Each structure stands twice: as C-alpha cells, then as structure tokens.
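To keep things simple, chains are lettered A, B, C and D as they appear, and every chain counts its residues starting from 1.
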Amino acid sequence: MAKARTKSEASAGTADLTMVEAVGQALARALEEDETVILLGEDIGVDGGVFRATDGLITRFGADRVRDTPLSEAMIGGLPVGLAAMGFRPVAEIQFMGFIYPVIDQIVNHAARLRTRTRGRMTCPMVLRAPYGGGIHAPEHHSESMEAMFAHIPGLRVVIPSSPARAYGLLLAAIRDPDPVIFLEPKRIYRAAREAVVDNGGALPLDRCFTVLKGADVTLVTWGAMLKETLEAAEILAGDSVEAEIVDVATLKPLDMDTILASVSKTGRCVIVHEAPLTGGFGAEIAARLAGEGLMHLVAPVERVAGWDTVMPLLRLEGRYMPSAERIVAAARRVLEYA
Amino acid sequence: MAKARTKSEASAGTADLTMVEAVGQALARALEEDETVILLGEDIGVDGGVFRATDGLITRFGADRVRDTPLSEAMIGGLPVGLAAMGFRPVAEIQFMGFIYPVIDQIVNHAARLRTRTRGRMTCPMVLRAPYGGGIHAPEHHSESMEAMFAHIPGLRVVIPSSPARAYGLLLAAIRDPDPVIFLEPKRIYRAAREAVVDNGGALPLDRCFTVLKGADVTLVTWGAMLKETLEAAEILAGDSVEAEIVDVATLKPLDMDTILASVSKTGRCVIVHEAPLTGGFGAEIAARLAGEGLMHLVAPVERVAGWDTVMPLLRLEGRYMPSAERIVAAARRVLEYA
Amino acid sequence: MSIVASFEIAHTRVLGPDGKVEGELPPFARDRDALVALYRWMVLTRAFDAKAVALQRTGRLGTYASGIGQEAVCVGAAHAMTPDDVLLPSFREHGAQLVRGVTMQELLLYWGGDERGSDFAGPRQDFPVCIPVGTHAPHAAGAALAFKLRDEPSVAVCIFGDGATSRGDVYEAMNVAGAWTLPVVFIANNNQWAISVPRPAQTAAETLAQKAVAAGFEGLQVDGNDVIAVRQATTEALDKARSGNGPTLIEALTYRLGDHTTVDDASRYRDDEEVGRHWKEEPIARLRSYLTAAHGWQKAEEEALIAACAAEVEDAAESYLAASPEPPEAMFDYLYEELPADAARQRAAMLAQE
Amino acid sequence: MSIVASFEIAHTRVLGPDGKVEGELPPFARDRDALVALYRWMVLTRAFDAKAVALQRTGRLGTYASGIGQEAVCVGAAHAMTPDDVLLPSFREHGAQLVRGVTMQELLLYWGGDERGSDFAGPRQDFPVCIPVGTHAPHAAGAALAFKLRDEPSVAVCIFGDGATSRGDVYEAMNVAGAWTLPVVFIANNNQWAISVPRPAQTAAETLAQKAVAAGFEGLQVDGNDVIAVRQATTEALDKARSGNGPTLIEALTYRLGDHTTVDDASRYRDDEEVGRHWKEEPIARLRSYLTAAHGWQKAEEEALIAACAAEVEDAAESYLAASPEPPEAMFDYLYEELPADAARQRAAMLAQE
C-alpha cells in the first residue's frame, strides 16, 4: 500500500491523457482511495485489458483487487452483485458491448432492484464498464451500441463519457455512486484526442448534461463518440453563420431533460445524434419528451440522425452505417428551413 | 397423424375462445399444416404450459414436436437458431418475460442477424413466445413488460396481440414468417374475454396497426393488455362527447407509423399508453416520430401514460404501478385543452 | 490410451426411511436436545407451509411455493451454519430461512406481495428469496469472494433445485468458485421435479453431485430426507470452505410432496402412487421414529411441540394480516439512495392522482 | 457411505512429439495417401494463416485470429466428417473450414469485413464463424435435433476453445445434448490460453474433458497436436453419434503458438520460453517426421507441396483483393426476406445521400 500512496501523490497533478488513459487514471484513483473497490473482467490483469484501460493496475494493486475472470459473462454480471451486497464496490468490465447481453438478466433482475426489493437492507454499488460503438474496424459483434436497452431498466444509471476529462470525472462518480451504474466507453475515441485531466479525485455529476458549445440557432443533442461528428457538423454550420448549441447528454439515465429543454426553448430546433439504430434508440426518449413537455418550444420537427435499423455491418460498410457530420448538417439544415 | 387430421376438420369452424385458447389453436393449426413446426419450452408438454397455452398438444402431436426442455433459457433461445438454420420452424416458449433476458444474447447476436451475416444462405424462421405484463398478482419477476428492448434489435419482428382473434392470426403469421419474431402475450387478458375465432388458418399482417375504434378528437395508441383500459378510457371520454380513436399497434417492429400518423393528422392529439416503464419504453419511439414527421399535425403535446420508472412492485402495489383508465382519461383531457 | 483423471460420487445417509441408523451417527446427533431442535424446526416449517397454503387458498397470500417434504434439506443445511455465514436461498427454502432467523411474518409479507418482507430484521446479510431460477448462484460466489478478500471465516451457502442445475449461470458460478477456491457451499435441493419436468429429463447426468466435476471440486450425494446426514454433510462442507479448501456441491435427495406452487396442479403430470411412495421416506416421521426409539420421545412431548408450533404460526399469521399497508410511493423510495429529479416528478404525479 | 457413480477420463495419442508411434495406429493411418492428404491440409492452413496475418499487417485485412499450431485439431476433426455433417466452428478453425470446402477467398472476405464471405459456395449447411465465444454451442444442439427429428445420419460438430468451456451456454447446450441423446460432437480446442488467461485460471477442473461428466456423457482427451489421434477420436465420436448413442466431448490438447489475434501482443503475458517449448510439439513437423520415417516422404515432395500450397494461397489472396466492393444497401437487403416499409425508407435515404 505504501507504493500505491507514493504513486498517488506523484500523480496528483495534471496530465494530457487520452480517454482510455483517463479511464485507467480514474480506476487507479478509486482503487487507491477506497479499498473496497475491486476490478474484475476478462484479461484486465497482466494483459491490462484488451484496450489497456487497466494497464499496470495489477502491478500496483495486486491480483486480488484486479482480477482476471474466467470467460463467463453471466457470472461477471452476477458475482459483483454478491460482492456489492457484502460491502464491496466492484467495477466489472465486459470486453466489448457485443458480449454484454448475458449480463442483462443480472442487471434487470438483481443489480437494479436489490435496494428496492430489500427496502434498502442491501444495496448494489457496482459499476459495469464496457467499450462500445463502431468505427475502429473491429471484427463482427464488436461494434454495436445498445445503450437504449439499459436506459430502459429502472433502478439503473447509464453514463457515457465523450472526452478524457469527462471519462475521469464520470467514472469516479459512478464508482462512488451507491447504486449500480452502466458505464459505456466509446472506444472509437479512446485514443482520438488528449485532454488535460487533473487527477485530484474530482467527480462529475451523474445527473447533468454538458453544454459543450453555445449557440442560438439549433440544438444538437448527442453523447459518446458522436460528439466528434456533431462538433464537426457545428463547424460546417458555423461556416453558414448558423450557431449550433451542442448538448452532451453524458448521463442517459437519469435524464437531465431540463438542460435540453432550456436549449430547445431558445433554439426551437433539435437534432439528436446517436450511433445506435434509430428505432427504439435513446434518441427516441429525448424526442418524445420534446413532443411532450417541449412541444411548445418546437418550431421544426425533431430530427434524429442515427444508425440505420440494420445489423451493424462488418468493417467495409460500417462507415456507411454510422452517422456522418454531413448527415447531421443536412438534418440541421432541414430543421432550419422552418420559420 | 390420422387423429390430428380428424381434430383439424372438427375445429375448422368458429368458436368463442379466450386469448390463451386462441394461442393454443394457432399452435395446433401450425403444427398440423407444417411438419417443420416444433414447439419447445419448459413445461409445455404434459403440463400443457403453466398457462395451458399448449394444453393437449403433446397428446396430438407427440413429444418429438412438443418438447419439454431442461431449465435453460439461454439454450431455449439458441437451440432454435440451429433448428431453424436446418429447415425447421421452432416456436420456443419462455415461461414468463422476467426470465427472457438470457435469451437476448442469442436473439441479438444470432437469430436476428443470421440472414444478414450469411447474405441469405441461412435464415432463422423462429418464434419466441412469452407471456408478459402485470396485473395477475403473480410473484416477483413475473410481471414485467420489456418489449422495448426487443423492438430496438435490428432484424427482428416484435408482435403483441390484444384479443383472441388477433392472437390467433398474428401468431400464425409469426410462425409462417421467414424471419425471427418475438411474440409477447399479455397474460392479464389471457382469459379476460372470449371472442369468436375462425380456425381457418387465416393470418393477420405483421406490418399493420389495427384501428379498433374510430373517433375524431384524440388518438389513443396502445398495445396488448392496455387496450382494455384504453377502451374503458374511451368510454369515459365518450360520456363527455369526446370521440377517441384507438390504434392497437400490434406489431411494434416493423412499426406501421402510417396508420398512427393518419389518425393524428385527423385528431391533432395523441396519448400513448403502455405498461412498461416510461423512459425508453416503446411509446418513446412513437412519440419521437410524431415529433418528427408528425409534428405539423400536432395541436397538443404528446402524452405518454406508462408504467412508472420503478421496479415493478410486488402484487400489493402493482395496481398503483400500472396505467389506469383514469390516468388515460386525465391525459386525454389535458391534450384536449389545447385549441 | 491412459487414464488421466477419475472421480467418484459418494452417497451418505445416517437414518433410513424407517428411522433406523444405517450410517455412522455424527457426534452432534448423540445429543437428544440437538435432535429435538432439528425436529422442532422441521415441524414448525411444515406448520408454516400449511398455513401459507391456507392463506393463499383464502385469498390472503399470493402464489406460494410449499416446501412440504423437503424440511430436512432446509433445516439441516441452515442449522449447520454460523450466524456470520450467508444464506442464499431459492424460493422453496422457507425452513432454512426460519432457522436463520427470518420471521414467519416477514416470509408471509414477501409472499403476500409486500417488499418489506425482504427487509429481514434478523439475518441482515442473508439474501432474499431468488425467483429467477439459479440466478443467485453468482451472488454466492461474490459473497464468498468478499469473505475471502476480507479474510473472514464466513461461508456462503447457496441452495437451488434440480432444475436450476441446468442453468448456465449456476455452472458459471460453480466454475469460478472452483477456480478461485471460494468459501461457498452449493446445495442442490433435488426434489425430483422442476414443475412438471422430472429429474431424468433435466439432465443425462446420473447424479447432480457430479455437476461439480465440471467445476473441479467435490460433489457428493446425501439423503435429503435425513436431517442428520444433511446437517453433517453441510458441516463438513462448511469446515472445508472455512479452512480455505474451496467449494463443495451437495446433492440432497428429497421429494416435492406438494404441488409446485399454489397455482400448480401436480396431478396433471405425476401419479399419486409415486407421491405415496415418497411419503414413506419423508423426513419428519423418519426423525420422529428415531427419537422415539433412541431417545424415548413421548406422545405428550410431541403434542406439546405441535401445539406450540401451531400457536407460533397463528401468531405470525395474525400479525401479518394486521400489518399496515405500505404507502404506494415506497416503490420510488428505495429505487436509488437519492431519487433523481426525473423519478421524483413521477412520484409526485402518482401521489397527485389520489 | 457408498459410491454411486464413478468416471474416468481417457487420453489418447498415436504419434509422439518426435513423430514416433506411441499408440495404436488406426487403419486409415496405414495409408500413405491418407496421411499426405492430412499433411497437405495442415500445411495449406498454415500458409493461409501466414498470408492472412501479412494481409492484416499491410492494412488489407481486418483483425485476424491465427490458428498457428492448432492445425491438427482443425484438420483432423473436419477430415473425419462426411459432407452431410455440419461444422459449427469458433473463429480460429480456418483449417477445419478449408477442409470442409469453404474457400480461402471466402475466409478472407469475411476477415476482410465483407459479409459475402459467410455465404459459402461449398458447405452450404455449415455455420459461419462464431465470434461471441461459445454461443454457437446451442446451435449445434439445434442442428443435431434437426437431424434426429428427420432421422438423418448427419452429426453436428461444434468446436470451441478452452475459454469457451467457462460459458454457461456451452454447458446448457451440452446438457440438453446429453438429455436428448443428440448426434453432436463437441470439440474443446484447448490451446492453453484464452487471450491472456491461462487454462488453469479458467477452471479448477483437471481436464476439460470432464466437463462432459456434468452433462452425463463421455468426455475424453486427445493429443491435439497429433492429427491421427484427433481424426480417429472424431471418427469414433461421429460413429457413436450417428448410431444414436449421443454426444461426446473431445478435449484436444494443443497450443496457440501465435498471438491471440493480430491486435494482441502475447509477450505481455507469457514468456517465449513457454512458446518455444510448445514449438517442439507442433503438429506439422510431427507428422512430417512420421511420414519421412514410415513412408519415405521426400524432400522433393515436401518442396512441391509447399510450393503448391503457396500458389493456392496467393491465388486466393489475389481474387480476394480483386473482389468488387459490395453495394452499401446490402446491409438492408438481407435483413428480412422482404424489407419492411420503414426500413425501405431508410435504405432510400442512405442511397440518396451519395
């Protein structure tokens, strides 16, 4: 533990990190500050995770706390429920979101309702991390975005960072949260950019959207890796003197609709962008709320720019599947046509 | 087989059936007309299913075609994929929707994409049946409504009947469909009413909503058991001289938005009713489309009357969880206030 | 060809169906009081079961899964545990929960459809009933890992049915428990039926105990209608787990004398003759015969015990029936430690509806 | 205490690491041509693997999972099958797919990110590669059930890794296959590693073959670097399945000589010394030694065979690289037999974007 403490002091400063490094930093910080934090997953130990998110952690914190598991996703979903009920804060990793489905049973039937069904006697402060999304030319089943399935489950939080600093702050918040959190990491931007991250243990709120660009003409709502294309779209629109406001949802559940409504009440126009298939995607929930409480602000139809309702194609066609800046711009221009 | 044929002729007429009997009738018809149809599930054989949907089928069609499985839901989801790829039409039963989650992996990763990933070389004409929803005072984990999770999966069809005749016609269509279908049976109305069902093998379309009540003032959109409360609400509204139009979605995926849009273009008002939790429920998709292509028809905010975003409570409180006719009426009155 | 591994499945029994000693009597079982304690728990469990079924039949309880005939598995297993161990029951182990200190009123509340029933005043670390078959097995591995990491002597005891042994998550949990040498005891409560599916249709494995072979640890069979054998086998497995030697799977052979639940009608799929045969093996009469023969158990004692149990059950049922209703907003109040704004608005909307 | 069940796990090998006969040579293996055929498939598989890795390194293929070192498992198993059997491979069994008649161009298309690669012109009933570990095991049970219901002599052969044996669905599939006596052969391709997780960390079971004990059917070990032993064990298991005697689990002991995939760096978690040791056991040199010693295999023959394989691989790579791109709307065109109106609108929107 002495070694860990030294390391902690050393790393208390600011560093330019990629998102995957920021995830690792947050995990290290959590392991350091709270001895009930336990990491588990496939290949997270000596290998440091297939994306290196846990690189070096087994050396610093030992194989008891950074545990390679057998290849058993249902178990990886369920064992943490037992650990959490007994006072630990497990952070489990599913290697790719395409392999997360066997975990859903444990999340719906146990993790998300342990507090409710025992009237608070038992709680489940576990975090389930998984890289998700397309665009890295990964093999079949490695590129899906199924956040909407989780956002429908009562009792859960669903969090998706879009930058290194938000990854750090949101993951720390997720680990400290007293209830179960699904933390989905947009792997396409794991190494896309570096950002200054202050390793001071500062968490970000888990019930707030982030307005990442101010603008008065149209609201662009997105999360995760699609923030990149959305920012690009905003830049193209700026060339036409259109000022886009961009909201990074970050925490899908519970949804901070107030921030989105405030923006749309100003712009009257909204384009929602996500990578997951359109139908039943989480964009539907946001658009539905705009059709409800937000209706009177809308001057134009709500557009959703999303993945097609198709199976995520293999790498050759994945570029044609994912929303592009051009598609976002085109949607924005359509909604701007309304007076 | 001689016996089966006799039975078939005898039952070719019309009978007043409950929904669960209509399900059994459709299964029997399918077993009779197509020898590649195989039923499998827990307790569907001698026991006839815990709701008796398969009552008597093992006697008529034998234990080879009406198969009790071991207690293995992931297998019940996956084995039919192999059977279907080899030319059968398996109809698998999950005993209650609360136990369906281990099946999702097989549905997303295999059933719904077998055709796509083999470019049509292999197909997966399987049906997955499951009773769902609350209101029968069943034990914990027996009353959930998670249709939205399935409606988000590309390559799938999601079908929910709301009456005996629709159960018969839609289930036959689902079994004959060349692609995988999730068929969710609202168990609260399994025995709620009888309806004349003609056992003539007539299927209903899997891409069509049903307008079950005509009206010009407000569109009520619903599916499954909630049709009951929605009809009650319409009756209450009729007392105020409000004519509600009711659309029974029936097939959630692919969604027949045209029928809903046509109705809303007439009424300008829409209330969507479902039992599943509000956030991320399938009502969001419908409301989102109204906020998009339907926006210009709307004269009032789209209301969603849904289950709360809570864990489905145990039986004592389930009545307070589920949407009531009163809640639907109140929502309709709110949207009618807009001019 | 060479043989690279071999395995044997042992079966133990102390009392035969007629109550005669067939095996070796373990030390604890030489004590009359100890045996009477086990006997009383079994009698109480059966009385509770009967009352619960009666309450359901009269519309005052939800669907209920009676454990009649399986009292020895539940009582024997739970009685071997220390207070610091953790029980992870399935949904038919009322007897085990009672022995652990869950009150009958709590059990009735739960089965009556009130979540407060799972907020045990007694064994606060014990898990609530698990309805989705076998899904609690990974929790047992997790709890056991917690004990191991904290270097605590506690053991997780996970009970599930014969049907549950076909579930992948039970296998995954056993496998990780073996791989990590976790302090957990798995008990397969083999009552021969999973609703209408008889044990041989569930698996081609000759015994359920051998499921442990796949996970690399010991599996054994015990006569599950012999509370002495169950208690002893559990004690040995607990000791082994506590001393760092990992998990054990105990297959307890018993029989579901009743319907699957109050909404089931077992006569649809099994004949009375089979049930009748198994009545001759049931655990309560068996121990009573032994107590009578070996320890002079008296008719008066028997009557007093039955009357006391009946009174306890009646008391519990009365306080259950008298319990004040839970406010509906409770469904929001335990969803998260702090209710998010979004859900808080729904809570308000629900209350405004009154 | 009595013993109620006992099990033994057998291990077979014909050729030792040095190519000397240690076991009993099965009849087919007395034929030089038969052995040369197996040898050629293994050499071709390795050449294909090397080419695929090279294509990936130069950006012309996606992530690829090399099967180097495991050729005997793939070739031995597939070679024992009849055309009407069905192969359900995992993602590293290129050799098995080649023997079955999948073309190298098809394999490259698939790994190059083009779904057309799974539309096999050859074995149209064989399943495509399965990436989600172990999820194809239930399909094997389903295919086997189809054969059984149709009274066909076909058998489903499902290959998966050591890691996959920890998955619940593999267990569930094996369990139902046992319970229903299905004609299926499960082959655990035990290459000692699941990415960075070594076999002993995967399970406490001494052998993977004993996983079959839990499912109630025979499990056995075979030297997976000995193509003769693999072929023979598979033949016997196929015969057994074909004659109605149900499933077998074959654990084939081999070694993953390469990285997990082209994006893996195995030196992070295992040392060269271990890999070096296993190079001495690899299957191609082993059979070559035997062919040379027992059948006078000549240097010239060897060179001709290697050149022929290299040419075949080059040809395949060239036609792969020359394949016309698939139109993007293909992602809609195989979604359903008939595209629903809703999706058809999206398809049109995608095309309108050009």
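Brief remarks follow.
Criterion: a contact is a pair of C-beta atoms (placed from the backbone, for glycine too) under 8 Å apart; a residue touches a chain by one contact, two chains touch by 3 or more.
Bear in mind the structure is a predicted one, so any value in this text is a computation, not a measurement.
Look at the CA centroids: the one farthest from the centroid of chain C belongs to D. Measuring from the averaged C-alpha position of chain B to that of chain C gives a distance of 36 Å. Averaged C-alpha coordinates give centres for chain A and chain B that are 32 Å from one another. Averaged C-alpha coordinates put the centre of chain A at 40 Å from the centre of chain C.
Of all residues in chain D, those touching 2 or more other chains are 115, 132, 166-169, 172, 175-176, 179, 201-203, 330-331, 335, 342-343, listed in ascending order. The residues of chain A that reach two or more other chains are 70, 72, 74-75, 98, 102, 105, 109, 116-117, 140-141, 154-155, 255, 279, 308-311, listed in rising order.
In terms of which chains touch, the assembly is arranged so that all chains touch all other chains. Listed in rising order, the residues of chain B touching chain C in the complex are 42-43, 45-48, 50, 68, 70-75, 98-99, 102, 137-142, 278-279, 308-311, 313-318, 320-321, 326-327, 330.
Within the complex formed with chain A, the chain B residues making contact are 74, 98, 101-102, 104-105, 108-109, 112-113, 116-117, 140-141, 144, 146, 148-149, 151-152, 154-155, 253, 255, 276-277, 279-288, 290-293, 295-296, 298, 300-304, 308-311.
Within the complex, the chain B residues that touch chain D are 38, 64-65, 69-70, 72, 74-75, 77-88, 90, 105-106, 109-110, 115-123, 154-155, 178-179, 207, 254-258. Chain C makes touch with chain B in their complex at residues 62-63, 91, 110-115, 129, 131-134, 163-164, 166-169, 194-197, 201-203, 263-264, 268-269, 325-326, 328, 330-332, 335, 342-343, 346-347, 350, 353. Within the complex, the chain D residues that touch chain B are 86, 88, 115-116, 118-120, 124-125, 127-128, 132, 135-147, 149, 156, 168-169, 172-173, 175-176, 179, 330-331, 334-337, 340-343.
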